[in-house]
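Below is one structure, written out as structure tokens; comments come after it.
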């Protein structure tokens, strides 16, 4: 167990280093000059050069790489040229917003996709199943960015039900920052209205992420449930005179969890990707938007940091899932591949 | 000189994820002579298929030698094996699974010729038809896919393919166990006919004692990776000496046994042991009703019993087992049992 | 409390709020309102200067003398005096970024007495006071307190000015909050806003929709179609004006084939469908005749020849160039639909000549790097000049060697000399003549396609008033002039 | 009669065609007997067995009648049938590994038969599960009760399956090829166990198999199915030792390898069984039958009494055929 | 013997019955768009027609016009080639590379196989879009670089699928039988393994085209893909953004088109999968 954990951790580290190396070199291939951006549009060439030197952008690539990696080992993610702050400081600022969005979306996704899958799997081939299948299929084809815009159009622009973007009503004062999660902070501040307001702001971005995840996730969960239904132990359960509901909830569900878990892990990867688009569209002040804006001006460090942070998140999720498998399925000795 | 000879072969599988290694075959020596049928029986998981694969050189031995017609082929690379393979063919358990589902019967049948560079040109189809009718499949559509045939037909096709290059020996791993009883008989008959007409040798593996007893000249009984008894078919079927062989024989119910009032079968207690966890001493001792201290401590060697030429690996054979063996043999044949 | 809060949807988040480094619009949004400048200018007549922190000024050859206003204090309570002016200008020139180019002809700054400061320029320049209308005054104490790095770290995210609004907080990724400075020396309108939220809304469509939906009180860089639609819908009115920015001008690379061929460039200029551009601005635009717009002080525009689409002329010019079936690449900074559209029009116009234009939209830095490093033949950008009346700053950025916006690497020695001479001439009529000469050189070179010169339109909700367009700066709110109705 | 099947038929719709898999079979099972259904693969054994418990595939068409303890089983809502499965009818299958829920301890699965029917509280059911495991001769039942299926051997699994089927005390046990996947030595243990349990619990057993050895050992009465129809039904001894239907006779002789001299051709039935939808007209066995005449090809043989058996054959084997060519 | 024609439980017609033909129809339409855009599109997709700027849908412009007066429908028709073409290219290229890689890995010795799979695992460790963004940005904008960057993140899925299949198939009796016959490893791979793998891959490819389309348009939307005035669908949506308040049609139709196309491919992939399962 310990050995397994250790192995996975080492592997996670390898992945992280790889992503750092890859993104570092990729970002330096770009034919753009962030120093020029920093210096401003009317700055003289000397000023630009001075800034290049200040930020070490004039040094040879291997040297820049070495110092970046050394910094990384110390937890230093470099400095953002655009925000003129250390990336770690920025991340501390932006990460909670993203995490809040991700967690809410994920919980929502899990709940809804699971219920839909169960609903569909109760009568495979039935009308409910057909409808769900169609919806999920269409859902997988909806481009996330387009969906976000369309939801904005209807729910903000046409119906005035939900806000356009951002995390909190503009004119109101947000609760004091404790955790960075507005939902939590507003409760800590004892303000139900603030909680509801943050929830309202979360609705569209989360819905946008969820629809796509949901589609893929429900399909996979449904397939897993239906596949389990044809297993022989289900026949045995029927032979014992169990009701279909009991068979579904007590027998099938538990067995279908492993494939669903695998699907879920995969989904998490997509979610990290979609979050960039969603944050851009909804002006959600998280790391996706942060990295995207930095990326627009070829401010490298935040982009690399995003890659590293999201990869780390992904590695952790994978690890958690690996640890969950044996809990769910006693046949799996924790010997992941 | 034996045609196919396994000399103290062993095969150890290391488990993927650091689990305990499994010694599926542990120092087995066997020989199949020209025109002879050697039958190998044993319970599931005892290493029969592994042994077949060792004989066919589909896996490499961990230890021991494999000889074909006197030539040591143990270390042969696949290229050097090619001429040997022409003389050494195989038939497997599940005929549907062992034919490529996307190749027509004609393609399946020409594969041996192509592989061994036999150019038949226009004659190819005639030859294929000949082979198929030899196994009792006249006028079947050779452009059809395997999925369109029944299990019995497919096994015939598989046998026809094995015969294509006129081999000297066929290794058949459970050739009838996937088939219905009525079809089993057809295949057994077919294999016997082939041997009569072609003088071919067989290494036939099965867990069905009836089939083995019927087709084999000699029988080897395998338990947990080793041979525990070996002898002529008559000897083994009529006077098994090893308690395990006796249990096997008496366990399999026969129609004839229905008549035997008062006969009690030798029941084995417990389950087949785990090959990853081999018992000390005699491998069979935990399930043996005769087991005593020596059995737990000392590994019984496979040795010849005087007179019959039967080989048995049991500390107590034949003295304490011969009597029971004879009874088992009689009961099986539906003969009255002395009470 | 709602009515006293003004929410401004800004197109980006400042990278710094240090006036010495502020570069872009959304940085000026903050600095212009927190800090004051020595002089101000009349938005409707940029040549007319108005007193601000300085009440009087005069030029004497290379020396300018400014008399400072009495009783002005910084937000932290310290008094404003001549030392602040000196410290600010010294620091600005040392840092050399941001708007420092406007005053880079300053040789020295001398404190005569607390209320008088003397500024000497390297050469006589008539434009100094006008250019100082863009330079924000910091406190010398703040500068001294953080002298290690010239206060760069501190000023990046802190502010202490004398201006109408005080810096309250900066929520990264979201907004900067300002509050009204009661003690400001200037005059607020009747119902000014007590609190200003400068929101960062990077997406133009979101700014438009938020403005329309009432989330924002004002927004900058609203896409033109949306601005016109919103501005003419009920509850809104349109504020129209001129400014130097945001005219899509297409710069042609003078070094890279085929645009290094003058006849070829002429063909492009003549083939360009100016009407399409004007139509795309829904008629709210005119076609430029040269680099200096008519309303700019001393502009020779009226005397210039009209520029019109002339396909025959274009074909003739192309024939002369000997470049049939030429291919060229055009870089467009992303995020400006008007610029992209100008390139599209060029593409479709050029096609009529058999010239293929490939458009590549890229982030600003990448796009300008592409043309500067001869990977692209053209670049679309608006003009940029923060000085309300000094055309030489404009020329030097756009047409002189090494100018940041001289992306196509135009070079003409006569023009260089002319531009150097301009500020030294105190006679406005004489300056006008030189300006025309300079403009002609640029026009004749066919370096630029002035695709259209649109009016700037800003939709303002009827519930507020006071918004005016700054001719030298693109859509920026002077919060101190805004009021609720 | 504990079970009485009349004109039972079951079929499927495939590509718009009605394919009848089991076609109008009738038989009775008496209380306490071991009734064996034999036949080649695809002859409809499992469909018949499952239908008795109301477990026919949901896509199937059925007709006729199946009466279990004077209750009609076929046209009954599933909710009522469920009440019978467990307390009245127990089922076991081949392949115990996949027939057990892999993520539940064995004991819990046995206990569930009781709790689901409200026959015992949780704790009680658990205790009963251990008792049941003991009853099916599992050493150390407490340990096995808390083990997962993959942790115990194949023989133990099948024992656990039997324990589960019998936990709620059914009077009828339907066993669909319970020994097919097992090794001979384990198979023997299982047959022995079933025989003991039958005696102890006075069970009626319907055993489905195509293993003649198993049939020989346990059958009281035998039903021979061929291509969805009854070939022959009657007392085991009559059917096994003096088969009247040519198909039964062929089956029996082909299974008698040990009675055939070594290396001699076995008495095999030619050809293979027809698949669903490819049943021939007339007597379905006629293409493979050595006794077939013209009427067999055209006319479906009616069911009739023939000695102690009922059979469907135009030309049954009149005299007792010597089955035994014993080796001496 | 007559049998009741009532099934014991009612089976309800599966939606696939209606949807599959619809999906095939969409496919045919897309094929027509791709192959004969000139015949189908009523207007030039590039030429400006300023007089018709941002006109709502009408008989002449069924999907309305854009900011240059161009017919949105015609732009969508011409755009099929770019959006769908690139999506297909990505999936095909990844599938081809993935199949080769996976097959080699599956057939190779354990050490090499391990190494090759570690590399694949590495790709699975990264969040895909982030990597694609970085790649696309560094090799420059344009559809070709979008294609390349997506192919780079796409192939590992195929490699993993194929290797798994190869490992599974390698143990299959028919492969063992061929080996016993003396068939060389290369031939075994080609004749006895790849055809089965391809069957799996086909299903995956079909469904993936829809996903790839969404990914391509997403990158275009972020400004990494096609350049104006290429009528690529994601770019159309990006371009439409400033006019959303005034020209809903400009946003709605390209998005719907992406959705329809992706759904059609999903449906067909599903049908292929269930046909293979049957």
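Order of writing sets the chain letters: A, B, C, D and E. Residues in each chain are counted from 1.
As a working rule, a contact is a pair of C-beta atoms (placed from the backbone, for glycine too) under 8 Å apart; a residue touches a chain by one contact, two chains touch by 3 or more.
Chain-to-protein mapping (UniProt): A, E = D-ala-D-ala transporter subunit membrane component of ABC superfamily.
None of the values given here were measured: they were computed from a predicted structure.
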item	value
Least hop count linking chain C to chain D through chains in contact	2
Common touching chains of chain B and chain A	D, E
Touch-network distance, chain B to chain E, counted in steps	1
Between A-D and A-E, the pair joined by more C-beta contacts	A-E
Most widely separated chain from chain B, with each centre as the mean of CA atoms	C
Centre-of-Cα separation between chain E and chain D, whole angstrom	50
Chain C and chain E: spacing of chain centres that average the CA atoms, whole Å	45
Centroid spacing, where centroids are CA-atom means, of chain A and chain C in whole angstrom	39
Separation of mean Cα positions, chain C and chain B [Å, integer]	92
Multi-chain contact sites of chain E, meaning residues that touch two or more partners	11, 241, 244-245
Residues of chain D engaged with two or more neighbouring chains	none
Chain B - residues contacting chain D, complex	43-44, 150-153, 180-186, 188-189, 192-193, 207, 209-211, 213-215, 233-234, 247-248, 250-258, 265, 267-268, 271-272, 332-335
In the complex with chain B, residue positions of chain E that touch it	172-174, 176-185, 187, 191-192, 195-196
In the complex with chain B, residue positions of chain D that touch it	40-41, 153-156, 183-189, 191-192, 210-214, 216-217, 240-241, 250-252, 254-260, 262-270, 272-273, 275, 323-324, 326-327
In the complex with chain A, residue positions of chain C that touch it	1-2, 5, 7, 12-13, 15-16, 21, 23, 96-101, 156, 172-175, 197, 199-203, 205-206, 209-210, 212-213, 215-216, 334-335, 363-366, 368-370, 373, 375, 384, 397, 402, 404-405
For the chain E and chain C complex, residues of the former touching the latter	46-48, 50-51, 53-54, 67-68, 141-142, 223, 227-229, 239, 241-247
